[in-house]
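Read from first to last, the chains carry the letters A, B, C and D; within each, the first residue is number 1.
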Amino acid sequence: MPFATLRITVFGESHGPAVGVTVEGFPAGIPVDEQGLQAFMARRKTQSAFATPRVEEDKPIFLSGVKNGFTTGAPLNATIYNANRRSGDYEAIRDVPRPSHADYVAGVKYKGFADLIGGGHFSGRLTAPLCVVGYLAKTYLEKNGIFVGAYLSEVGGIPSVSYLDGIPSKDDIEASQDKPLPVLRDENKKKIEDMLKSVKAEGDSIGGVIECVALGLPVGLGECGFRSMEGRIASAVFAMPATKGLEFGSGFLLSKMKGSAGNDPWTLNGGAVVPTTNHNGGINGGITNGAPLSVRVAVKPTPSIAKEQDSVNLKEMTPTKLTVGGRHDTCIALRAVPVVESCVAIAIADGLLEIQGQNC
Amino acid sequence: MPFATLRITVFGESHGPAVGVTVEGFPAGIPVDEQGLQAFMARRKTQSAFATPRVEEDKPIFLSGVKNGFTTGAPLNATIYNANRRSGDYEAIRDVPRPSHADYVAGVKYKGFADLIGGGHFSGRLTAPLCVVGYLAKTYLEKNGIFVGAYLSEVGGIPSVSYLDGIPSKDDIEASQDKPLPVLRDENKKKIEDMLKSVKAEGDSIGGVIECVALGLPVGLGECGFRSMEGRIASAVFAMPATKGLEFGSGFLLSKMKGSAGNDPWTLNGGAVVPTTNHNGGINGGITNGAPLSVRVAVKPTPSIAKEQDSVNLKEMTPTKLTVGGRHDTCIALRAVPVVESCVAIAIADGLLEIQGQNC
Amino acid sequence: MPFATLRITVFGESHGPAVGVTVEGFPAGIPVDEQGLQAFMARRKTQSAFATPRVEEDKPIFLSGVKNGFTTGAPLNATIYNANRRSGDYEAIRDVPRPSHADYVAGVKYKGFADLIGGGHFSGRLTAPLCVVGYLAKTYLEKNGIFVGAYLSEVGGIPSVSYLDGIPSKDDIEASQDKPLPVLRDENKKKIEDMLKSVKAEGDSIGGVIECVALGLPVGLGECGFRSMEGRIASAVFAMPATKGLEFGSGFLLSKMKGSAGNDPWTLNGGAVVPTTNHNGGINGGITNGAPLSVRVAVKPTPSIAKEQDSVNLKEMTPTKLTVGGRHDTCIALRAVPVVESCVAIAIADGLLEIQGQNC
Amino acid sequence: MPFATLRITVFGESHGPAVGVTVEGFPAGIPVDEQGLQAFMARRKTQSAFATPRVEEDKPIFLSGVKNGFTTGAPLNATIYNANRRSGDYEAIRDVPRPSHADYVAGVKYKGFADLIGGGHFSGRLTAPLCVVGYLAKTYLEKNGIFVGAYLSEVGGIPSVSYLDGIPSKDDIEASQDKPLPVLRDENKKKIEDMLKSVKAEGDSIGGVIECVALGLPVGLGECGFRSMEGRIASAVFAMPATKGLEFGSGFLLSKMKGSAGNDPWTLNGGAVVPTTNHNGGINGGITNGAPLSVRVAVKPTPSIAKEQDSVNLKEMTPTKLTVGGRHDTCIALRAVPVVESCVAIAIADGLLEIQGQNC
């Protein structure tokens, strides 16, 4: 576990009986608003034309750890039964690994015993339980005055509004989250939608960038070293299968800057010590500095596409062509927004629990 | 610990008696070539004109876990005594936190008890013990046919050769490592040097990008989820204080691509299943796929600069100006190359130990 | 986690929807014989007259990690739905904590949010999922030539045959396990049964001692220090709520002996180095020495008894009397035999995985 | 790590350059009274006639994490240099493993690379760094109103006063700790001393039982399951090489009792809910219940004795005789008292940190 306090196990396979999660170390007395949770989970499904038409109710059942609408402090289990299981689409894949997917590595690592149907344990479906924990973490943080919110900031290289243009407010972020295309404002919205339409028409897919900010953080979450706040967030965000990179604050841009421009000078604001700029994304030396935490996440294009691709038939050890059927997203970054938000919230909740203990 | 098998504690303060590291879970029988280690540590010191003139012998003393030139299997301690301790330069800093450094957060988090002289536990000096573990990890990996090597690929926005231009060979990387400017080839070398000179003359600092590749990896290291190979590497790399971002393979570039272009098709090569491209950086679903692992790391400019900066006097709670004296690097990315290499090697060694056990 | 490789979460409440377990780090390709598992689980239920008449089918459903009769290597979830939920019996208990049970501490620790019906998460029912993991661990160990078996060695102070009389064989132990009273041989059997009858008639309960041995162990499992084989076994065995003590080999008896009598001299046996006696219970310095591992576990009397006891009404903060209704065991030690066996098997499997890795 | 918050590495070999410890997760601002520490460490050395005459100053040097007499919150390192290193005595042992010692298992497990001189990493000398952490833990607990104290309760089967005769007070325990024979009161003192003299005269050794109690505990430390308070204490106590068993409260005695006698009824005492008896040793369901925590630890006889013993020459694979020279204790239980106290204090401090966080 990259975390200091939370012990989380995400389990399940795409077309097995269920996906779900167990959580240990989460405090008692945190309200679990099932409607709020359902609304949050719905953001991951997105109703947009660019999402997979596989319809799952995605209703988490709490088998333990929640009673009368509050967490009990005991290990929590949330199970989402897979109602809509299919396997026919994937039969062909077993011997022919999909490019950029985990089929091949899982086959080798688990010596042929892995359940690979629909990606098995490596499926994007496994991000649903992450969102359950994310929602709980967000609720715990909210009780402590902390807001975590994510939105889409770039699709296929077309930028929309970024926190680099100014940290967005809670209201701005929340307003974006009900849109089919969860961008902050409407710049380039039309351009992105047109691009998505054409990518979809081609049977292709496209990547994107998601940004996440946390507001209201105290100074002091995280550690220097292997348990830095960045490392915890990174470990959580890389648990989302399509993540290929992440940067805090100005990130790679900061690597091109001089210290005199990229350092964040300290100033006083209403009695509080705050940085006047925020190239460091609210973290110094692995520890939150009280300024907004900001992180950008690179999401790769959905590996499963309808276009013909090269692969290998592992049974016959011959080159072959593969066309992936089934139901797939044009751009997973659209649906990954609440997942990134969840991962960041989980890591921050871990940091807060570490300093204030389970009693607070 | 973000790792599955290795338990590592890096300890020490910049101007305390020593910095060092303890390691549990490292296998017995790994040779410890003290000359090789010394040569590796020397890369972190760099003799270049752009590094801090603070001269430390940086000689790790193994207080435990190494005997007759081999690891014993018992917990290993390497201690590097701080011979050259100064504190005068930093006296002024105590009440006036340096922009972009951890002075302020450490002061708050540790309630005034932190040792902040020279950055204390947050100093870049703490990367020396990381290199000791990195060297041991590299030796263990080498015994298993795996090579990990890093080099500088960009300074202040000026690009040099990158793995995106083609994965470099072991020889190429090793040849780069003795140079004062550890770039792969000489493209833009002059331009980078001129820029560094002018930055130094201004009393300023500059960021950079370090790349690291691992060659000879088996399929199957890492896991899907919170202990992905990316997450382990990220947690290790973010233990280096100046890291602000990282991306695997094509990373953020891949987020701009279509699946048909960014997917890595499978092919056969001498009987082995390999990807024809490597946008995923050798990792699928958190697990190594046998192709070269590649990662790019954004390193921010050295926070300590000779130029005047804004800050706050915490004692008097008034705005103030700060000029950081003392000995500082123009570009820490130059010296961070073996640190990144160490962090990546540690995470990969952890993955290898997890699948082959301590007996192999 | 006290373990080096296995990450296990036991979840559920006695009268919630389900109890179950998730396991990470368990190797792929281990057969899961559902009939064998069912037979093993049945030992925990015991048909004896001294067990609670609450009848639960106790059928674990694998929601993930098992496919076609083998573990897949992905996180494994086994869920046992609670078919036979009652809560009336326990209504009175909420305000009046049962002596020697966790009602009071759970109420305080979890600030009134804990689900305490039937003991909630603290119920003996939570040992059912432990047995699922135990069975998997036993299967993994069996594949590696290791047998773990437990039996009852003492009830209410009446001793039956102990390993102190000579390490029992696999056959001896297996023969004991189908008996209602799982003792090794018939010495004192009648006496024990008579005592149990009279305790039951009084509405009282009684404690016992369970012994567990592991045969066929390699030298080298475990570590010196906080992850000793004893520490791992202890952490697992104390996860069973009624455990109040444990001793390895001759244990407390060895504390009364001289070194010349209690040391285990080394000898050669068919080319192997083995101890001639086994007062150390097969462990030296936290590490298995190849001799049979032996451990004795003190199990307290069932806290829930039909006799009137003193307690406190927490609502009114007044002294009160309590008579616990519901369905309870006369002697939980009878049913705890496979639980102890499971706990020991889990800890040993963890040690074996640590040295031979997931690939073996 | 069996702990929830503390990450501790004990390192060193008996005749290597040093033994020591690193600790992560310990809060900032805990006073480190070097004189108090020295006095505590001295208890482990004991001046009694029955202890090894090897004289080590045992002065821990804090290489990090302590400044101006307080912990800083950064990883703490305490190093004790081995001034008095000898190896001649142990030369013979390398090929001839000592009965009941870890020589043989360490040789096999670490494939011949272990440093075994004087027991190497398995030596009782490694309990000195445990005491350093123990002292820090005790100080932290003291600040929170918690006292942890141990004493000798039995030697070679001769009982002295036990907590089973009534929980001793802080004063009683402290008064015992300066005595050469750290028993609570003088019952059987002469008998024990005479026995020790005769054992010493024979060149033999003898075991004993140490008891430890913790007073002033809040309700709620520990968890149900693998991180029970008993499991954490057990993992810590089994890190002491000579431990062979432990029991909480009435332990094995409780396994012989009926529920009506062995249950601890609740009552009111000055407004607080407390048990009227304490057979459970202050722990229910893995969680402290506010009553005194009590634990008994079985310590085996010192394995190294002057009497001739059977062993095997591993080089020639022939039976041989062994007489262990060097400096050894007649009864390690005498010196192990502060070690047990340390182990229990560490585990409790871990539980307290878990619920109140690093900020308290």
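Rule of thumb we're sticking to: contacts are C-beta pairs under 8 Å (C-beta built on N, C-alpha and C of every residue); 3 or more make two chains touch, one makes a residue touch a chain.
Since we're looking at a predicted model, the values are computed, not measured.
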Average the CA atoms of each chain to get its centre, and name the chain whose centre is farthest from that of chain D. A
With contacts defined as at the top, give the pair, B-D or A-B, that has more of them. A-B
With chain centres taken as the means of their Cα atoms, state the distance from chain A to chain B in Å. 26
Separation of mean Cα positions, chain C and chain B [Å, integer]: 46
Per the centroid of Cα atoms for each chain, what is the distance between chain B and chain D, given in Å? 39
Among the residues of chain C, which ones contact at least 2 other chains? 1, 10, 74-75, 106, 109, 121, 220, 224-225, 355
Which chain C residues qualify as touching chain D in the complex? 1-3, 8, 10, 97, 99-102, 104-106, 108-109, 121-122, 126, 154, 156-157, 199, 202, 204-209, 219-220, 224-228, 230-232, 234-236, 238-239, 241, 243-252, 254-260, 262-268, 271, 273, 275-276, 279-281, 284-289, 296, 298-305, 307, 309-312, 314, 317-319, 333, 355
In their shared complex, at which residues does chain D touch chain B? 1, 7, 9-13, 16-20, 22, 24, 28-29, 61-65, 67, 70-77, 79, 106, 109-115, 120-121
Which of the residues in chain C end up touching chain B in this complex? 4-5, 25, 74-75, 220, 224-225, 353-360
